[in-house]
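Here come two complexes built around chain A, the first alongside chain B, the second alongside chain C.
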Partner chain A sequence: MKYIRTIAIMIIFILIFILLNMLLSPKYMTDLVEGSMISQYYREDKNHEVIFIGDCEVYANFSPMVMYEEQGITAYVRGSSQQLIWQSYSILEETLKYEKPKIVVFNVNSMRYDEPVSEAYNRLTIDKMKWSKQKVDIINASMTDEEDFLSYVFPILRYHSRFDKLTKEDFEYLFKTKNNTHNGFLINKNIKPVENLPTKRKLSNYKFADICYDYLDKINKICKDNNIELVLIKAPSLYPYWYDEYEEQIKEYAQRNQIDYYNFKDKIDEIGIDFSMDTYDAGLHLNLDGATKMSKYFAKILKDNYNLIDYRENEEINNIYQKKLTEYKEAIK
Partner chain B sequence: MANIILLILSIAIYLSFGLTNAIYILFSTITTFFAAKNLNGKNKKIILITTIVLNVGILLFMKLYLFGQEYITALQDVNILVPVGIAYYTLQVVSYIIDVYKGRIEPQESFFKYLLYVIYIPYLFIGPINRYEDISKDLYAKRKIKSENVWNGIIRILWGLLKKFVIAGRISILISTITGDTEIYKGAYALLAMLLYSIQLYSDFSGGIDIVIGASKIIGINLKENFNAPYMAEDVKEFWRRWHISLSTWLKDYVYIPLGGNRCSKIRNKVNLIITFLISGIWHGIHYLLWGLIHGILVAYSKYLKTKWKILNRIINYIIVSLLWCFFVWPDTILALKMLVSVFTNFNYVDLFSNILNLGLNIPNIIVLVLSVIALAIFDVKKEYFINKIKTSKIEIKTCLICTLVIFILVFGIYGIGFNVSEFIYSKF
Partner chain C sequence: MNKKILIGVLIVIVLIIGVIVYMSTNKTETTDTDGTSKTAQEEIESYAFNYNGKEIKLGAEFSREEFGQELGYSEVPSCAFEGVDKTYTYEDYEITTYQDGDKEKIRTIYLLNENAQTEEGVKITDSLDDLKSKYQEGPTISDNKYTYTKGDTSIEFIVENEIITSIEYVLNVE
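Now for the complex of A and B:
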């Protein structure tokens, strides 16, 4: 009997331990909402023809709702803050477990980073991912020297010091969180015009690292293996600088591998982006108006060149997307 | 077999800190082992003295080297490995050879058994300093893991971790803020740092000892207690009977008594006490020579600092001991003295109260700290009672206690990125 009681006590404490792990983990609902983006995908119907992967330059600049409204394209942005290329690869690999899109759009900005940038960014991408081989791979590939794997398994080891910062949000979203994005697009309506860009400094080395090429090859291969068209893009951000040397390398890679590549920085006027109005942080990211222009422009390219279905003519899908559009329009008011 | 595993494990962990460590510890082990076996002829005194001089000489050399590295430019480029745990194992091997010489113990016949006594990993980093006669019986006994020992050992380890992570960790935040800017944080801040450091050092050191005692308990080795509510002492002399007991008794038995102890004139007795504490200071590091000297003087004249009120004596003693920790808070002796003087010359006490929440801990953290320190004080005063109560309690209660401690440490501990939790303060001495 005493052993049964002991086991019962242990089970109760394990449950308390699990609950504390959930309670102390950040919910990313009102602050640092970027941390909840990756997980919102799991709640979606997995029927997208276009999947975006990449860093903030995708989730801030491309609105799937606009793309649907304009061209009937079903798209989802699986972007996250400072998403590194090996993270993009694992997220794509994970996505392909759920669905097979026709097109994968990868924003090449992350080619410049060959090592983990910071623990905080890692957390925003990894924390809310479902446990899978891909999550294990991302953690192992992304950890900075000060991090350890165990703290991803038991978030309490990382977030225990939040005990004095718990808010109503932590209890409200303890078991269920809400969507902060619209198919992965994060709305930002603020305006901060471009005034003075930082000085463009010379780099000692412009060559993309081997590890980045390795992962780009992997992305290319997994797309080919799954009959998916890979499209490379560079979002029209003015900063951080996209050097000509970077551009040459990507162009060369795209040509060599017969992959389409679009650098929208060269099309700013054609798209109609006005950096005195269409950016919320002085040229790093587009705001809602800028992203709307960008999305319309890219949606047309996709529709014209990639044989995508106009799902506005599919009643079942259209009903789902009309509901999403209503929510989206309410949010952008 | 279990002892062979214990020895191999201890050697492996020890060597993981660097292979060069092995040279020093093997030297100490070999010299004292063979010397002890040959302490029966007419040259035994020469063998004893030579062995002690060699071993203590290495320790002293290391202490001088560490001190010199900070103050002598030429030494800063000289790279000598200071072996891990040298301060602890040297005292152990010296006590062993003296005890053999005095006929208190028989020399150990097996080199590997003796090596286990020297290198037994749990106590090698922060003590306690074990006498061969106290530990050999348990150390070489046929190992039998008893569930009762396991439960009690785990509870003791967790209690130590709580002291280390919840109390010492939290105080370290305040102290690093205060010591980080000695221009701003002096006077009342310096006093606060010293008063808090006394709790931090105690929680850190005794927490580490709890872990050592608990880990040893699990495998059936009973180590002696190293603390007995030291801040309940009424004077500095009593403090040293309650603080780092294994070091104090070692110094008493192998330094103070051989010097003549109290079986001599009053003046000589006081000189003996001061020499003993000077050696204690050197053992901690050459920086702490002055600290040892002051403690020696205070112990020699402790009765003059006592009143007839116990509580007042305890408060006075706590303040004196805390103020003397200034040499540990600011390891630069001149700076430490400056900060000590500022306590009496810089009356910024109002400023401290208005700024207390800007030192690194907010109100919830201060509440956790205060409650944990109260729990520590209650446990310390009633230590025997609590230990017996836990020993005799049902397994369900023990499970509950273990789980509560684990969760408390996980939630309220100070650890993770930005905090170096693997080091204990006393492991650097």
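Now for the complex of A and C:
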């Protein structure tokens, strides 16, 4: 009887501790929704032929719903804010536990970052990942000097100060969640035209770091090992500047490894992007109209050049996507 | 008996949470303490840019009126978070600011051409020898970037083929 009591007390204690961790962790549901994108994937049907990985330049610029409607392509964007290349690798590795796409599209913008940028961005990518070897790898690879691993295991260590800042969201989404994206695409309908950009700074070194090449090699290898075609892209963002020296290195890498590479910044006119209308933050990301143009353009490239199935002709998949399209169209009204 | 156990459990829970909170808070306070001492040091010595007799200090509050009409202005937001880096371009230099509470402060000053020079008299197009003669204390050299640091401020010179091609004042804050 004494043991049962002790065990019951321990269970109650653990439950309270878990509950406190859940309550104090940010929910990313109505504010900083970028933090909820990585976990939304777990609730999806895993039937995608194309998986995007990369930073905000993928989740803001490529709409899988448009790609499906235009070409019948089933795609999912596993992007997150400031997703660093080692994070992209682990997210890809994790994705391959669930499904084997035909194509992985990697946005090369993160090749410029050879070290963690900030804890805040790390949290947006990592906090809501399911526990796995990949999550452990990402944490270890991404932590800044001020962070410690335990705070990812027990969020209360990091977020205890939120105790007096809890909002309605923290209680409303304590046990439930919602989808903030459409197959990983985050809708933004605002318009903020490009007027001026800061002067292009000279850099002391334009060469991508070895660690970035190492992870690009790993992404390439894991794709090859799984018979997946890797496609490299550079989204058509005007800022931060994509230097010619960066471009040359990616072109050289793609050529050496026989990987297709598309720099959409060179195709802005052909795509029809008008940076006085099609961006929500003065040239960093495309808004809904811009992303729609971009997605139509890229969907055609994918359909014309890769052996993708038109799933609009598959009743079962089409039914799923028609429902998604209805939700999407409601959201973009 | 039951009451005793309940009180015991509550005490344990409170103690554990207290320890966790204390550990985390203590860590934050250490950082704050470091920050405070750096700020004090910054007040003692830091780089400043002089232009036509006007001293522009990194970390100082920026006032658009004070600088007059800029030639160009841009706002660069972050990917997900609120707040923007604002950039004001003037004839010979460019100022980037950041938001510190309700104050807009100067983060970087980027010299655009040889018409602007540092307080020590170095400008774009000067030689590496000129730089070395005017900044005698050892810089940190990374690739072709020479960085001189004072307190929380730095001046970064990029040198190509022995010629200075870029000069930027940087406030080293989060």
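Here are a few things to note about the model shown:
In this text, the second predicted complex is superposed on the first by the 329 of 333 C-alpha atoms of A that agree within 3 Å, B and C clash if a C-alpha of one lies under 4 Å from a C-alpha of the other, contacts with A are read in each partner's own complex, and residues count from 1 in each chain.
We take it that contacts are C-beta pairs under 8 Å (C-beta built on N, C-alpha and C of every residue); 3 or more make two chains touch, one makes a residue touch a chain.
Just so it is clear, the structure is predicted and the values come from calculations on it, not from any experiment.
When the two complexes are overlaid on their common chain A, residue A:120 makes contact with chain C while staying clear of chain B.
Contact with chain C, but none with chain B, is seen for A:198 once the two complexes are overlaid on the shared chain. In the superposition on chain A, contact of A:9 is made with both chain B and chain C.
Comparing chain C and chain B on the residues of chain A they touch gives the larger count to C. Once the two complexes are overlaid on the shared chain, A:18 sits clear of chain B and of chain C alike.
In the superposition on chain A, contact of A:156 is made with both chain B and chain C. When the shared chain is aligned, no partner comes close enough to touch A:174: not chain B, not chain C. Contacts of A:164 after superposition: chain B is touched, whereas chain C is not reached. Using the contact criterion defined above for the overlaid structures, shared-chain residue A:147 touches chain B, although it does not reach chain C. In the superposition on chain A, the residues of chain A contacting both chain B and chain C are 5, 9, 13, 16-17, 20, 146, 151, 156-158, 160-161. The part of chain C that touches chain A in the complex is made up of residues 5, 9, 12-13, 16-17, 20-21, 23-25, 31, 72-77, 79-81, 87, 89, 94, 96, 110, 112, 142-145, 156, 158, 165-166, 168. Considering their complex, residues 362, 364-365, 394-396, 399-400, 403-404, 406-407, 410-418 of chain B touch chain A.
Chain A contributes residues 5, 9, 12-13, 16-17, 20, 32, 34-35, 55-56, 81-82, 120-121, 124, 146, 151, 154, 156-158, 160-161, 195-199, 201-205, 239, 281-282, 284 to its touches with chain C in the complex. Residues of chain A touching chain B in their complex: 2-3, 5-6, 9-10, 13, 16-17, 20, 24, 119, 146-147, 151, 156-158, 160-161, 163-164.
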